[in-house]
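Here come two complexes built around chain A, the first alongside chain B, the second alongside chain C.
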Partner chain A sequence: MANTYIPISKTILTSSASTITLSSIPQTYTDLVVLCSLRSTYPGVYTNWITMRVNNDSTQLYSMTYVASSAATASSSRFASASVSRGYPFYIDSDLNTANTFGNGEIYIPNYTSSTAKQISSTGVAEANDTTHEWLMGSANLYTGTSAVTSLVFFPNGGTFDIGCRIDLYGIKNS
Partner chain B sequence: MAAGATYEPIATTTLTSAQQTITFSSIPSTYTDLRLVIVAMATSGTIDTWLYMNNDTETNYSSTRLSGEGTTASSARITTSSQPYDTNLASISTLPCLITHDIFSYAGSTNKTWLTTVSMDKNGSGVVHRYVKLWRSTSAINRLDYTAATATTFAIGTTATLYGIKAA
Partner chain C sequence: MDKPTKLIVDCSTGEQTVIELTDGEIAQMEADRAAFEAEQIARDAAEAEKAAAKASALAKLAALGLTEDEAKAIAG
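Entry: the complex of A and B
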């Protein structure tokens, strides 16, 4: 039986960058898994959203619901498509958080070649060894575009990705 | 994970008719862990869903969850339950729900713990659940039943795939 957790691409930044693009994604798998280790340079903040566009689509076809834990408090919120034009998987560490610390997470995209909406699941953490500026997040990002996913563009919600940021893309095949 | 590592499809199904239960039987005991990935839709209305181990419907399940419904977060625990609950599906074909189950050491002789994620955004509503669950049985798991509540069904197009994960 075939192994189906196949590495498609690996990106490691050797200089800061405003975006990381995974392009020419093959259409031969069933699902995609994106593993991220990211840090933002956005000044004056402890944590920052990693945001994502499917096929670099900047129209308002994204919405999300998340649950988060930070310090001693759990919270939940959502963005509806009328207010956003990108997905928001989870928080990553940023400028003010402990140096050399990266936020890590997984993004799972099922049925990415389908012509239906994509329900994208994410779980991520941004830890900082203090009492107020770390996050554990789970989110559902809905992308209602009907095209197959051929590229993914990631960018921090302000600033750039720091040196050492890494994104790995894997393909999952169900047969 | 390097190419050649083990993440193997055991079985997959795409519903061509509405069904109340999706069953994976005769699961081989040759892996270390199992992963079940479901992209589910309800035929109509809302449906409650459960994942049963070895068709056990006795009170051998418990769970603890963290949930977000867009405005409030909550945590809850269920003990000594006969219903290993996942979610209340209210999705339609244009808004599928993604559910994953990671079942650890499923072939061992200790009680079975597993992690469940439910991700269901519906553009202005929806939920996110993260569970840890326990099935108090020392039997190896050889069957999984993903079941909707009585008189409800999963819609055509619902997909479910069971993967086997093998440690070195």
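Entry: the complex of A and C
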């Protein structure tokens, strides 16, 4: 790993949690990187979404455009900011998936201390542990809030984060 | 039954705190779940409709005498 990656926090769940909040994020880096390994308790579907709010802002300042694959189908879509109160970085595993499999991905937040809108990239693949599914999602997220990022709140779009979920936060320096 | 919890990680100290959700937060969680289910159903229906329309278009192009590759080149 490049020596510009500075570990800020490491979180591994020992009990389920509805949300995970990373608060008091230091303002001393250039960019932030979040590495996730997540699974939800949501029943009935194979994939769920990890969703994210910046500074716990629930106003409709988020939009995203994504490309995705699910089994043998490729798709793309866009969520406009008029109705979206959170970011949708990528798919994670749900309760129907094999036990102890997780959706793994990365969220990159450049220039997070700026007073302008934040363009956030994310990619992730939900581990299916079978020979037929390939749940990939890559997305460009826009958060139009202008405050520096001081906290990130993660939650699944249904159910709770399962035991064993992990979220690591790194700071990136440009020097 | 225990209430669901949230985890708060203070990145400046490393302290991790588990807090029970309030009734309002639980209600919001349930609302989010219902919205997700509705969204999932709508997305699945839209994808099925799109696939059916594409299959219909390919069949009509084939009926006009186009090869499968030619039809797919048009339909995408």
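Please note the rule applied: the second predicted complex is superposed on the first by the 167 of 175 C-alpha atoms of A that agree within 3 Å, B and C clash if a C-alpha of one lies under 4 Å from a C-alpha of the other, contacts with A are read in each partner's own complex, and residues count from 1 in each chain.
As a working rule, a residue touches a chain if its C-beta (ideal position, glycine included) is under 8 Å from a C-beta of that chain, and two chains touch if they have at least 3 such contacts.
The model shown is predicted, which means the values in this text are computed figures rather than measured ones.
*Asks:* When the two structures are overlaid on chain A, which partner does A:29 contact: first (chain B), second (chain C), both, or neither?
*Replies:* Neither partner.
*Asks:* Under the stated touch criterion, which partner chain does A:172 make contact with: chain B (first), chain C (second), both, or neither?
*Replies:* A:172 contacts chain B only, not chain C.
*Asks:* Could you say whether A:19 touches chain B, chain C, both of them, or neither, answering first, second, both or neither?
*Replies:* After superposing on A, A:19 lies in contact with chain C but is clear of chain B.
*Asks:* Considering only touches as defined above, state whether A:75 meets chain B (first), chain C (second), both or neither.
*Replies:* After superposing on A, A:75 lies in contact with both chain B and chain C.
*Asks:* Check whether A:11 is in contact with chain B, with chain C, with both or with neither, and answer first, second, both or neither.
*Replies:* The answer is second: A:11 touches chain C but not chain B.
*Asks:* After the superposition on A, what does A:65 contact: first (chain B), second (chain C), both or neither?
*Replies:* First partner only, chain B.
*Asks:* Considering only the touch criterion stated at the top, classify A:119 as touching first (chain B), second (chain C), both, or neither.
*Replies:* After superposing on A, A:119 lies in contact with chain B but is clear of chain C.
*Asks:* Which chain A residues come up in both lists, the one for chain B and the one for chain C?
*Replies:* Touching chain B in the first complex and chain C in the second, residues 75, 77 of chain A appear in both lists.
*Asks:* Taking the complex as given, what residues does chain A use to touch chain C?
*Replies:* Against chain C, chain A makes touches at 8-9, 11, 13, 15-26, 42, 45, 48-49, 73, 75, 77, 155, 157-160, 169.
*Asks:* Report the residues of chain C in contact with chain A in the complex, numbered from low to high.
*Replies:* Touching chain A: residues 4-14, 16, 18, 21, 25, 29, 32-33, 36-37, 40, 43, 47, 51 of chain C.
*Asks:* Provide the residue numbers of chain A that touch chain B in the complex, in ascending order.
*Replies:* Interface residues on the chain A side: 1-7, 30-31, 63-69, 74-78, 80-81, 108, 110-111, 116-117, 119-123, 138-142, 144, 170, 172-175.
*Asks:* Can you list the residues on chain B that touch chain A in the complex?
*Replies:* Where chain B meets chain A, its residues are 1-9, 12, 37, 39, 66-75, 93-98, 100, 117, 119-130, 157, 159, 161, 163.
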